[in-house]
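Following are the structures in question.
Same chain, two partners: chain A is paired with chain B first, then with chain C.
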Partner chain A sequence: MNLLFILNKPPYSSDIGKESLDMALAHATFDDTVSLLFTGQGVWQLKTDQFAKLAGLKEFTRLYTGLDLYDIDQLFVSENALDTEQLTRDQLMVEASVLNDEAISRLINQQDRVFCL
Partner chain B sequence: MTDDISQTNLPAHIKVDKEGYLLNADNWSEELAPVIAANENIELTSDHWEVVHYVRRFYEAYNTSPSIRPLVKYLAKELGADKGNSLYLYKLFPKGPAKQATKIAGLPKPKRCI
Partner chain C sequence: MTTRFSILVTGSPFTSQAHHSAQCFVDALYSKGHQVTSVFLYGDGSYVANQLMHPANDESHPHQHWRELAQKHGFKLQACVSAAAKRGILSREDSELSGKSSFNVTSPYEIAGLGAWVEAVANSDKSLHFS
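This part shows the complex of A and B:
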């Protein structure tokens, strides 16, 4: 099955980013084709230099750089969200495909299931 | 396994959970590894050490303990297919390479791990 997880919330304001990632990893274990889409404030999940430890938090987002080891190779970022949040590609910790809104619609339509926690 | 056995031969200030994983990964040192390994009936060879060090590198890079699949892929990438395969790893760590290697490396038990 083709599964898409949409991450649209910042990394540390709630557990939702971490929970979404856990869920995506679990699905990838079962040989589903898993893609992640970062949109809205969710683009901050991919920001380099988070220094979460300074706030006493576990920097779970570092795992985004190792997702190929978990058979998740498809990472997408909303172009619109990057503009809105004033982030550039080189501020992201991974190489993700940047998609405009039209391409995002196509991506969503290709999926069997779409999750957004 | 009871608490007493998982704590066997470890210094009193090194606390472990009921399965023998260190409660605080920062308490790990190379001297502890053979002691934890002995509780798993493993005598550490240089092959074991290599895996233990790579498991710790994995943890430092990604902030999570590897389960078996990512561990195999990671070792294959770093050391080649001879060592990045589950048969090789199971020979070293018969009761589950990810579980035993992370325990000996002082890291938390991997999630989603059989």
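This part shows the complex of A and C:
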């Protein structure tokens, strides 16, 4: 089954980012084909140089650099979101395909299920 | 034709409409002959599994309503173990394992791993998320 997780929330303002990732990893472990799309403030989850510890939080986003262990290699980032948040591709901790809105629409249409927690 | 649904609920019981909407939806599904592979409670949605929830008589009681729907229709009513545990929602077994003095999850509510959700999705035709 092809699943897309849309991550649109910043990493540390709630547990939703962590809980979305946990769910995506569970699906990948059971042989679903999982893609991740970072959009809106969700692009901050991929920002390099996070120091979550300073805020007393666990830096769960480190897991994004080890997703190949779970056979998740489809990472996508919204071009629009990068512009809005004034981030560039080289500020992201992983290689991700940058998609415009039209390409995002095509990506969503290719899925069996789409989740945005 | 029967359609099988997996239902994900992540909204908090009293600061979102998630549970009320999901309950109306699930009841309507069964009235039209469809089925539910699981109602999976995740994130703040898992708070609803707390059997000590005790609202005033004239207020809505999402915990009790899920309980009645699950008993009426026979679907699985599962709360994610990690989401639930960190929010203090514990089955008898999990409570004993973690050395706590009490528990607050009883049947038909079950505590389950994320694998149960993956299975529920795999065995369903459609998934719906209420947040």
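The rule is short, and it goes like this: the second predicted complex is superposed on the first by the 117 of 117 C-alpha atoms of A that agree within 3 Å, B and C clash if a C-alpha of one lies under 4 Å from a C-alpha of the other, contacts with A are read in each partner's own complex, and residues count from 1 in each chain.
Criterion: contacts are C-beta pairs under 8 Å (C-beta built on N, C-alpha and C of every residue); 3 or more make two chains touch, one makes a residue touch a chain.
Because the structure is a prediction, the values reported are computed rather than measured.
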- Message: Based on the shared chain A superposition, would you classify chain B and chain C as clashing or fitting together?
- Response: fit
- Looking at the overlay, does A:1 come into contact with chain B only (first), chain C only (second), both, or neither? second
- Query: Which partner does A:65 contact after superposing on A: first (chain B), second (chain C), both, neither?
  - Reply: first
- Task: Go through the superposed model and pick first if A:22 touches only chain B, second if only chain C, both, or neither.
- Result: both
- Message: For A:116 in the superposed arrangement: first (chain B), second (chain C), both or neither?
- Response: second
- In the superposed arrangement, does A:9 touch chain B (first), chain C (second), both or neither? neither
- Message: In the combined three-chain superposition, what is the angle centred on chain A between chain B and chain C, taking C-alpha centres, to the nearest 10 degrees?
- Response: 80
- Message: How many Å separate the nearest C-alpha atoms of chain B and chain C in the overlaid structures?
- Response: 7
- chain B and chain C footprints on chain A meet at residues 22, 26, 29
- Task: Using the touch definition up top, name the residues of chain C that touch chain A in the complex.
- Result: 8, 10, 42-43, 82-83, 113-115, 117-119, 121-122, 127, 129, 131
- Item | chain B residues within the chain A interface of the complex | 58, 61-64, 66-67, 69-70, 73-74, 77, 111-112
- Message: Going by the contact rule set out above, which residues of chain A touch chain B in the complex?
- Response: 22, 25-26, 29, 58-60, 62-63, 65-66, 68-71
- Given the complex, residues on chain A that touch chain C span 1, 3, 15-16, 19, 22-23, 26-27, 29-30, 32, 113, 115-117
